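Taking it in order: structure first as structure tokens, then the write-up.
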Amino acid sequence: MIMFLIRKILWATATLAVASVLVFATLEIIPGDPAQVMLGINATDEAIAALRQDLGLNKPVLERYFSWIFGMLQGDFGNSYTYSVPVNELVADRITISLPLALLSLLLSTVIAIPLGLYSASRRGSLADTSIMALSQVGIAIPNFWLALLLVYFLAIWLQLVPAGGFPGWDAGFVVALKSLLLPTISLALPQAAILSRITRSALLETLGEDYIRTARAKGLSTGATIWKHGMRNAMIPVLTILGLQFAYLLAGTIIIENVFYLPGLGRLVFQAISLRDLIVVESVVMMLVATIIVINLIVDLAYLWVDPRLRHRSA
Amino acid sequence: MKTMKKLFAAALVTTALAPLVLAGQAIAAKTSLVMGMALEPPHLDPTAGAPAAIDEVVYANVFEGLTRIGSKGEVLPALAKSWEISADGKTYTFNLHHGVKFHDGSTFDAEDAKFSLDRARAEGSTNAQKALFAGIDSVTVKDANTLVVQLKTPAGNFLFNMGWGDAIMVAPETAEGNKVNPVGTGPFKFGSWVKGASVNLVKNGDYWGTPIALEKATFRFISDPAASLSAMLAGDVDAFANFPAPETMPQLRADPRFKVVIGSTEGETILSTNNTKPPFNDVRVRRAIAHALDRQAIIDGAMFGLGTPIGTHFAPHHPAYVNLVDQYPMDLEAAKKLLADAGHPNGFKATLKLPPPTYARRGGEIVAAQLRKIGIDLEIIPVEWGVWVPEVFKAKDYDLTIVSHTEPMDIGIYSRDAYYFNYSSDAFNATIAKLNETTGEAERYALMAQAQKIISQDAVNGFMFQFAKAGVWNAKVNGLWENSPVQANDLTGVSWSD
Amino acid sequence: MTGFFQTAMRNRSFATGFVITAMVVLMAAVSFLWTPYDVTDLDISAKLKAPGWSHWFGTDHFGRDIFSMIMVGARNSIAVALVAVIIGVGIGVPVGCWASARGGLLDEALMRGNDVIFAFPALLSAVMITAIFGPGAINAIIAIGIFNIPVFARLARGAALSLWPRDFIMAARAAGKNKTRITIEHIVPNMANLLIVQATIAFALGIIQEAGLAYVGLGTQPPLPSWGKMLNEAQTMMSFAPHMAIIPGLAIVITVVGLNLLGDGLRDVLDPRLVRKRD
Amino acid sequence: MLDIDGLNLSIGDTPILKDINLSIEPGQILGIVGESGSGKSMTALSAMQLLPEGSKTSGSVHFNQHQLLDADDTLMQDLRGDDIAMIFQEPMTALNPVHTIGDQIAEGIMLHDRAERRDAMARTIGLMERVGLPVSRFPLTRYPHELSGGQRQRVMIAMACAQHPELLIADEPTTALDVTLQAQILQLLRSLVEEQNMGLILISHDLAVVAEMTDQLVVMRNGEIVDQGPTGSILRAKKHAYTAQLAEASSHIPERSQPPVLSELATEAGLAPLICGRQLIRDYPTKRSNLFTPAKPFRAVDGVDVTVYPGQTMGLVGESGCGKSTLARMLLALDPPTSGSIRFNDLELTTATVDELQAARRNIQVVFQDPFSSFNPRHKVERLVAEPLYLEPGLSVAEKQNRVVAALEEVGLQASALSKYPHQFSGGQRQRLAIARALITRPALIIADEPVSALDVSIRAQVLDLLTELRERLGLAYIFISHDLSVVKALCDEVLVMDTGRIVEHGNASDIFDNPQSAAAKMLVEATPDLERALQNRPSGSR
């Protein structure tokens, strides 16, 4: 167990290190000059030179890399070129949107998908099953930004039920804020739910084919009890995997949705930062995301151990 | 089915919540305004950056200059209540208002004014428009409320220049902090800035000038045209001074909730051409292009009819404007012939680098399609501003590009050496030099006309259209500017009628 | 083969998926030779026509025929997604096989390399890549393809690991064949089913991802149309030209559904359980 | 108590069972024997009403006064695990890996007796003691994967007997286990039957087992009962042809025309050994338990000497996990020994170059246990059988094909098989294919790893005959690995008994079988069920 954790954490750090090099290197070759962008087209060369000096863009590559790394190790992610405020602050702002959004979507998709998946697995071949699966097929195929488009058009513009986008900030009142996250959540959640429900179904069907299910039946357990006590937990493993992946995706992969609803979230922060060549922001945020994803994977691994004692044994 | 169910559920939830929120908005709406903007400013100090977004938030609202530009483009007194110009046109004496206070409570006087000007023109200043101050020889404080500016040479547009956002007045104590916490003399104080979302301004209680109606003003940043539309329709935003999606005008106009005002801007939208790069160094090729452009089609297609065709680099609403649109009428045969003469009977390949704005990306597609008709095959390369500026504008590594030149009265750029058009004409330079020394209006206009004709003759760039400003705002809002002679959203006159 | 095909067509989801996919591919293929209208030819005067006889799917804001654009767009979507899959398979499978064959440190190293790629938020990184190397189909392909690699690498490795201890591999080794040869003769053929199924899924995903990139303006560039870009342009015109937004969206959904059905069908028909996935 | 009358079963439209009639009384042990596909398991499952989906039944199954066919779930759920319990073949998969054994045993108790968890656990402890898993050594919090196969089967039994069922159905309960474990489990079942006076239906493919265990016997074939009655009389009389055939096959000894090749005679005759392993050791690395103490490797083979002379058949017996297969892989030069030497003819395999090895491999071929997994399902016979010819480069396609045809004929298959896929053959035929593949390079030595243990008895007999005949005709030497002494006895000249990586006994087959010396050998011999012995041991006529 301890060994397992230590090994995992070692690998995680190694991964992070490699990732940091990758990120930094990629952004080194990215064309475009932040100073230039900030000062605009009529800026004089000396003004730009002066600004580059201020931003420390003239230092040698290695020096900048290491100062970046060591900064991060001390929790200092540098200052945004364009906003000239600490990246931490920026991220802190944005995370209050991205995180709830991700969590809400995950929650929504889970509460939709798992029951549906279990239901159609237990009613395999029934009309309900086939229609749910047909729906999920479509659900998987719908690009979330298209769904978002339609939702905005019908619910926000046509029916005027919810704001079409934007985020008033949590201090504008919990309900108000939540309302503005409603559509984004739905458009993110539904396609995910479609995938999740299929996984759940097939995972459960897989386990229901196992010998120990027959054993349980032979013990006199009812179908329901068998599924509940002997099917579910064993079926959780693939579901957990997908949940992990989906959370990671939702945290970072929401750029497009954030753009549709002009939510000031992490994804959009990076997106803007890239176009403004606010490299330090891009680097730091991407690194944070990578770190988060790694942590999520770690949690998922631990969840495996909780679910499946055999792994505990193997990874002891 | 599942989807529908969710939609229905969503509908239920939200209908339950709707009343509270709407009510809340209705009351708040009276003295507060939410202004939509396409781009978020990187920071809020107009003296340290070019992006129009900065001025559009703080100019005239938070910061004021000695003079200011009125909605018609006229020069009006601001912190300077009046001024005298010496006979030789080289000495300007400004009389400043009394009892003006910065938002931090410190008083504004000639010392601050001198500081502001000197700071802007100083060595290593990061002012994006240092050119504006290049003409200044010295700045002296006569007394607390009198400032004397000595110019090297007479400059006809000096007062106009002083009205630019880059020439606003700042206090020595707070100047450095203006990027994140702007401290000016204007009717609004800086409130808060939700990065990536909005900037909030609040009424400045002890404003020296005529008090304003609004208690609170919010600038919300919405990069995406579609999002802007939904925001407008959903009532999240009260006004867009310059609505990014012209195609939606008919729809918005039809909606009684909104007032749609098409105004003029200083934005000459042109097909910028690299005048030294073959084959574009051949005037016949450039003229061929001019003949091949169907301006109206471009305006209809890219701007959905918003905009005025131009034949030169000058704002049509300016009294000195000369209509040269018919110098190169749409005529493919003529164009083909010119190309043939220039030695390109079968046309040629070239690149067209397009910056992000809709007018450029859409216009680009149309231009490409039109030039294809005379055998010029353009490869479209979309670029971020962050690439466009260094590559195209600085390094001049481009064939053609499309951009809207929004600075007011900027025909002078054609005389700058090594400007990104790579255009140089002694005749033109002479004209501009003369213009700069002339102060008399009539003579100035004559010279301007001459300048316009020269660049049109040389077909320096593909002159396409004057960018129209599609202002959209809540029908109950009064006092927003219809035109934008300078990059600004002057909210001083805005109020709600009910 | 024909025999296989007949049995396969008896599987409902395979049949449906196959028909849909075939239609899309056909559309794309035809678009090389013929489209109702030239998609690079703008006719501003005919813009925003609703679907009708002259233009089955109507026209867009430049007066281009949307049906023609859908046809050419299909070409583009398929090309991008397909090549992205090929990249994934072409690099991922050899890596996976190699790792499983050699085991030990090399295996660890390769799989860790995978984890590194996996740790990157795919879409975000795709955006970064295209932003760096400039938008365009090629870069979109690369951006999508890179994140296909670890998927196939893991799949291949898992399958191979479960195959190596099999008796028939032992027999092959007793026949003195080296690992490379065994991999080619025995391992790969036996994981083919898994790969085919995964490939169709990756293909479908690729189409959605391409649409996403194009939607944020980082995909295929004009004058060539792409479904994602069409959606982006349609947004602001939904209220008065909804067909511009709905038709490309449906095109994407239908195509992806088709591919997914095809994948599911193949899974049932080929029964990849032959080699159990384990990792 | 249980009375099956005219039971017909079909799944889809394929008939599985035809007109089954049988009954069992409390305290009675009913055996059902038959080869795979005879429908013995289905018969049992129909009593549990756990038949696969889409199965249609007719006739009647009465348990006490209940009609079980098409009984509603609630009734069946009351009976299952309470009055009728079942033990399955695969102990490895029959237990839920994610629940502790305690929970899984207690589950039934809590379900049927509405017992408190505490009481249920208390009773569970008792049961564990009874089935020989004292909680002192096997706490209830153990998970299945922490137990061996035998221990798991005991857990299954505890689970089944928790409610003192009137009827216990055991479907091949010991097939997956070593003979020694098999003996223990059967012993346990017998005693449970006696003390709880329950009825036991024992399903098996092994006549010897049922002969030892059962009072009544039912012989099934292709879904029909071909013979039935008191075990003793049935097996003695062998009235029915099929019964006779089974009996013959299960104790079949291929007759041999040549005398056994014995080592000492060979040495006297100055024969050079064909293959000779000296002091063979093979270690496998294990995961280190913590950072600081280095993991100590697991020693699978521990200083083994093995010598086989040309034409000799050397048996290698031992319980699973004793190192048999590892040793085999080393002799095949597929797995390098940690230390020790292997000489084949004059070649030292452990240091040989690739080319030398290729040459040697031509003379050492292998036949595996599982006829299903030993062929690449995607290749045709022609290619499969030809695979070892890779060792003889430069053969033309025609030559290859001839060799394949020849090899197929050796094992009694027609050339028509060439273009077929492995799944088109029965298990027995596949094992013939495997042998053909081994023969094709004309090897001097074939290492056969449990070549018949996956086959039904009749098929097994045929394959054994084939192996014998080939040996005599081609002068092959075998290393014959098995856990089943009876088979070894039938085939081998000499036997090596292996235990925990060591050779504990070496001698000629009959000696070891008749008076084993080492403890391991004794246990094996003891445990190996033997039809004759079983029949002798039981009082004439049925109990």
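Here are some notes:
A, B, C and D label the chains in the order they appear, each numbered from 1.
Methods note: contacts are C-beta pairs under 8 Å (C-beta built on N, C-alpha and C of every residue); 3 or more make two chains touch, one makes a residue touch a chain.
Bear in mind the structure is a predicted one, so any value in this text is a computation, not a measurement.
If chain D is removed from consideration, the chains that remain stay connected by touching as one piece.
Among the remaining chains, the Cα-based centre furthest from that of chain A is the centre of D. Across all inter-chain contacts, the pair with the most C-beta pairs is A-B.
Distance from the chain A centre to the chain B centre is 38 Å, each centre being the mean of its Cα atoms. For this pair, chain B with chain D, the centres built from the Cα atoms lie 87 Å apart. With each centre defined as the average position of its C-alpha atoms, the distance from chain B to chain C rounds to 44 Å. Note: centroid distance chain C to chain D, computed from Cα atoms, is 47 Å.
Shown for chain D are the residues in touch with two or more other chains, of which there are none. Shown for chain B are the residues in touch with two or more other chains, namely 224, 226, 233, 356, 384. Residue numbers of chain A whose C-beta contacts span two or more other chains: 31, 138, 142, 149, 157, 259, 274-275.
Pairs of chains meeting the touch criterion: A-B, A-C, A-D, B-C, C-D.
Remark: chain C residues 40-42, 44, 47, 61-62, 131, 134-135, 217, 221-223, 232, 235-237, 239-240 touch chain B in the complex. Within the complex, the chain D residues that touch chain C are 329, 332, 334, 357-358, 361, 364-366, 368-370, 373-378, 387-388, 390-391, 434, 437. For chain B in complex with chain A, the touching residues are 1-3, 6-7, 10-11, 13-15, 17-18, 20-21, 24, 40, 42-43, 49-51, 123-131, 179-180, 194-197, 220-224, 226-227, 230-231, 233-236, 356, 384-387, 389-391, 393-394, 407.
For chain C in complex with chain D, the touching residues are 166-168, 170-177, 185-186, 189-190, 274. Against chain D, in their complex, chain A makes its touches with residues 2-3, 6, 210-212, 214-223, 225, 229-230, 233-234, 307-310, 313, 316.
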